[in-house]
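Presented sequentially are two complexes of chain A, the first with chain B as partner and the second with chain C.
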Partner chain A sequence: MLSAILTMTILASLFGLLLGYAAVRFHIEGDPIADQIDQMLPQTQCGQCGHPGCRPYADAIARGEDEINKCAPGGHETIIALADLLGRDPIAMDEDIEIRPPSVAIIIEEDCIGCTLCIQACPVDAILGAAKQMHSVIESECTGCELCLPPCPVECIVMEPIEADIRSWSWPYPGDQPQLAQEETPVEAQA
Partner chain B sequence: MISEFALILVSTILVNNFVLSKFLGLCPFMGVSRKLETATGMGLATTFVLTLSSICSYLVNEYLLAPLGIEYLRTIAFILVIAFVVQFTETVMHKTSPLLYRVLGIFLPLITTNCAVLGVALLNIQEQHNFIESAIYGFGAALGFSLVLVLFAAIRERVSVADVPAIFQGNAIALITAGLMSMAFMGFSGLVTG
Partner chain C sequence: MSSQDDLDKLLTKLHNFHGGLHLPEHKQESLQHPIADAGLPQQLVIPLRQHIGRAAKATVKAGDKVLKGERIAEAEGAISAPVHAPTSGTVKAIEVHAIPHPAALPDTCIVIEPDGNDQWTEKPAAILDYLSASPDILLQRIHNSGIVGMGGAAFPSHAKLLYGLKRNLHTLIINGAECEPYITCDDILMQERADDIVTGIEIILHLLGLERCLIGIEDNKPDAIAAMQQAIKVTSLKRTRVIEIPTIYPSGGEKQLIQLMTGEEVPSDGLPADIGMVCHNVGTMAAVRDAVLDGRPLISRIVTISGEGISEPRNLHALIGTPISHLIQAAGGYTDKARQLVYGGPMMGISLPDDQVPLTKGGNCVLALSENEAPDPEKARACIRCGKCADVCPVKLLPQQLYWYSHAKDFDKVQDYNLFDCIECGCCTHVCPSNIQLVHYFRFAKTEIWKQEEEKRKADHARRRHEARTARLERIAAERKSRLRKKKEDLEQKKPAAGKADAGDPKKAAIEAAMKRVADKKKAAQEKQQ
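Moving on, here comes the complex of A and B:
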């Protein structure tokens, strides 16, 4: 009886030790930085940065293959946060990427023909509707990525800026640093 | 000697197929047979683990449990060994062969709970196999498992696009298919006599 208990205990501890050793010896370096970058991105999955989603963009930044200034929904705040995380200087938003004020898509419901094309385009499933039925945008889910605009055959989707009201207003972000960086560079170049 | 090993292989793959004759490992058989690629991955992972774990469990039984006279702890000891082998393999494979790790993917840890693995380990002891016979028995059992899994997945891919009557659709027709396969494999029982 005692030998049985002892054997099982020793066997189990031996296996546990071996597994612990293997976990240390064969440790895989994940890429924790990509996770951190991914957390800072707005997760709109809009693809405006040229990557198929936020995670691939985060991976590309982590590998140093892409700049940090491609995220339109994140805006300057994201650039500053990323620059802070990566120890780089904040840079201006990429020129190809246009920054818009935060907005939501609104479907003009009397024009909607119920084709479901915008539902398929929406990366966050914020559009509700069925075939030949009027569609509607769940505004709290909409990230304002505008991916639903091109597929609409009757152009009944419009973007409406979110008006700052008493609940959504916040202090402006201190210092528009990327803009400053952009202005300073030509001065240095001239000097 | 060689003919004996060949006999074990033929026996485990065709005649005493673990899935279709002994009805072990039915969970992955029904669960991961919807697509041919996943079935192949599962077959590969199972082959790997079954061979390794039947060797390890033989060693543990022969050199640890038998000398101490505690064979009654066989089941729990084998479960421990299998869980350890699977986990260890996964860790090492993740480091050394990321490609194989990706191919086997989630199936590798899932095999820990596959009853065919424990079944093979216990049957090895029951049939008093020696070391090499145990390894071949495990390997053959895994090959047989992979064979019927791949066959079944191929059939299910065809059946899924066939015009099956409404009441037979889904798992019902899959179970009937499995039953027919089992009956077909029973035909092999005349292959080896004695």
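Moving on, here comes the complex of A and C:
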């Protein structure tokens, strides 16, 4: 009996030490919840959520200072993912948030005066160009955040919706199917 | 495992796979005539992506004259295949054109106007001594000939072989099951070109360093079985067997065929190579033979044209890129029953909005179905959990669960139920008494998951770029700040020194003067007292 208690005590303290050591040794900087939230945001960095980028919005959600329904580019899927992560109920998109189709910025090159203002605005360095030279957008890098539009003094940047081509195509949701009643559960869950 | 005895035992003992369906065959309709040539259409439209993997890159431009068999697009990356001119003529354009696609979306194609001469380019030399040729040379030839799996999936063959070479294989599986209703192109190919198929098998066995080969053919094709057996007899292939398998859909699924013939199961999420096997279609074997012995790239194929909507259902030998409308004319045109066009078989094919799309390398069948053959699906009702779908699923999945979670867009859960093992055979949809388009949900869920993965990849990329930019801006700001601080410090260091020089003196003088005055006063007072 005594030896059993002793063994358990020794084991317990050993594990305690081990865990303590691990906590110090493998300590991760930053806020893991905010990190996880940030992982789910689309990284468009558009600021439509009212924060200066996705990470600040993630921090705000993690601190409980903002709702989870403010990210327009993420759409409803992001709300569901965030609700899932935070163990909350999904809510509808905030009414003030306008959802735009996925687009990329195009600079009308004849009109560009090479002022570099758009380069300074772009959060992902998607615009190439030097002072007094024509600028252009690297399409594959552009997230469509529209942050380059307001600074342009000659309004030569336009947003082009991304065409659904054969590579981005996916099978549509079979819409004409009956809705499952709320109380129905999968077979397995019932069994 | 691979002794002579066990090979012959396989002939007597067949295995089973779970589920499956007995479907009306509709095979005889298109077997009434031998293979006929579809002839030269007015225009050939050749898609750059006819295979799984990356699209080929055009190497010709509008206006170029091309000869038959000339390469017109090269492979891009490891999983891709080049494309060749099916006949001689002029490249009219490289443009987007409707292709066989479930949503009828267009893709980039090379459009060729034939000159009618059908004049060959200089073909690569035949590799006559293929049984002593190095695997590399054979692989190279197969790659350069643009060969892809001809059973429908169109996976680049060289990539599959290359992967097989790296694995520990013991058996080559040849798929001649052709289990989908209506389709007979493999059947008729085996009947008419069994020797060529067997030569292709010899080449592939040599390439992979294998001896053991099992050819699976459904027992509803006695003529093909006889022809193949005869063809094997006259070769030196000692360990190749034709195995007559029961006619049950989908026996032609790679994993189902292997299970039927060997009793072995390919693991979930795995490939046949994981259990030492690799599977190729009979049509691919004939194409391999043509490439190696004739230097002929993959520029044509056999395609079944059938259904009640076709006047003379038959098999055609047609150039890749031939418009479907031309193929249908070559099969006598439409009957007035024609109602729905399908590219591929009735179970796994896709419906086409019209016949202005080209034949591709993977196109084994074109159907014009009547109302009777393809009735409008009835309105779906709620799932009654009868379990019929699970009974017929050849992969032993639980389609009703998959449906539940696909419907709810719960993509984590749906993957827990092995969504990606679903071969989209359509058995579950076929039996569902509630008319639920189950496969449609599974296709939706699969492509949606891929799309989300792509979005995630893009988001991670944008995050990295944004972080890099933020870090750079911070560094620049920090540098500017430290430069400013340094300037300020420099200034301050100068300031005190300058103060001593100009402002210090008068003050000091004043203080000194004051002190002197005080001292003088003290002195004067002392003198008074004395």
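The criterion applied here is as follows: the second predicted complex is superposed on the first by the 139 of 191 C-alpha atoms of A that agree within 3 Å, B and C clash if a C-alpha of one lies under 4 Å from a C-alpha of the other, contacts with A are read in each partner's own complex, and residues count from 1 in each chain.
Here, a residue touches a chain if its C-beta (ideal position, glycine included) is under 8 Å from a C-beta of that chain, and two chains touch if they have at least 3 such contacts.
Note that this is a predicted model, so its numbers are computed, not measured.
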item: First, second, both or neither for A:131, with chain B first and chain C second; value: neither
item: Touched partner set for A:3, first chain B, second chain C, both or neither; value: first
item: First (chain B), second (chain C), both or neither touched by A:11; value: first
item: Touching partner for A:19 - first (chain B), second (chain C), both, neither; value: first
item: Which of chain B and chain C A:171 touches, first, second, both or neither; value: second
item: Partner, of chain C and chain B, that touches more residues belonging to chain A; value: C
item: Partner chain in contact with A:44 - chain B first, chain C second, else both or neither; value: second
item: Partner chain(s) touched by A:123 [first = chain B, second = chain C, both, neither]; value: second
item: Doubly contacted residues of chain A, that is, touched by chain B and again by chain C; value: none
item: Chain C-touching residues of chain A, taken from the complex the two chains share; value: 38, 41-45, 53-54, 77, 123-126, 141, 143, 164-166, 168-174, 176-178, 180-181, 184, 186-188
item: Of all residues in chain C, those that touch chain A in their complex; value: 49, 99, 101-103, 105-107, 379-383, 385, 387, 398, 400-401, 404-405, 407-409, 436-437, 440-441, 443-444, 446-448, 450-452, 454-455, 458-463, 465-466, 468-469
item: Interfacial residue positions of chain A with respect to chain B in the complex; value: 3-4, 7-8, 11-12, 15, 18-19, 22-23, 26-28
item: Complex interface listing, chain B residues touching chain A; value: 60, 64-65, 68, 70, 73, 76-77, 80-81, 83-84, 87-88, 91-92, 94-96
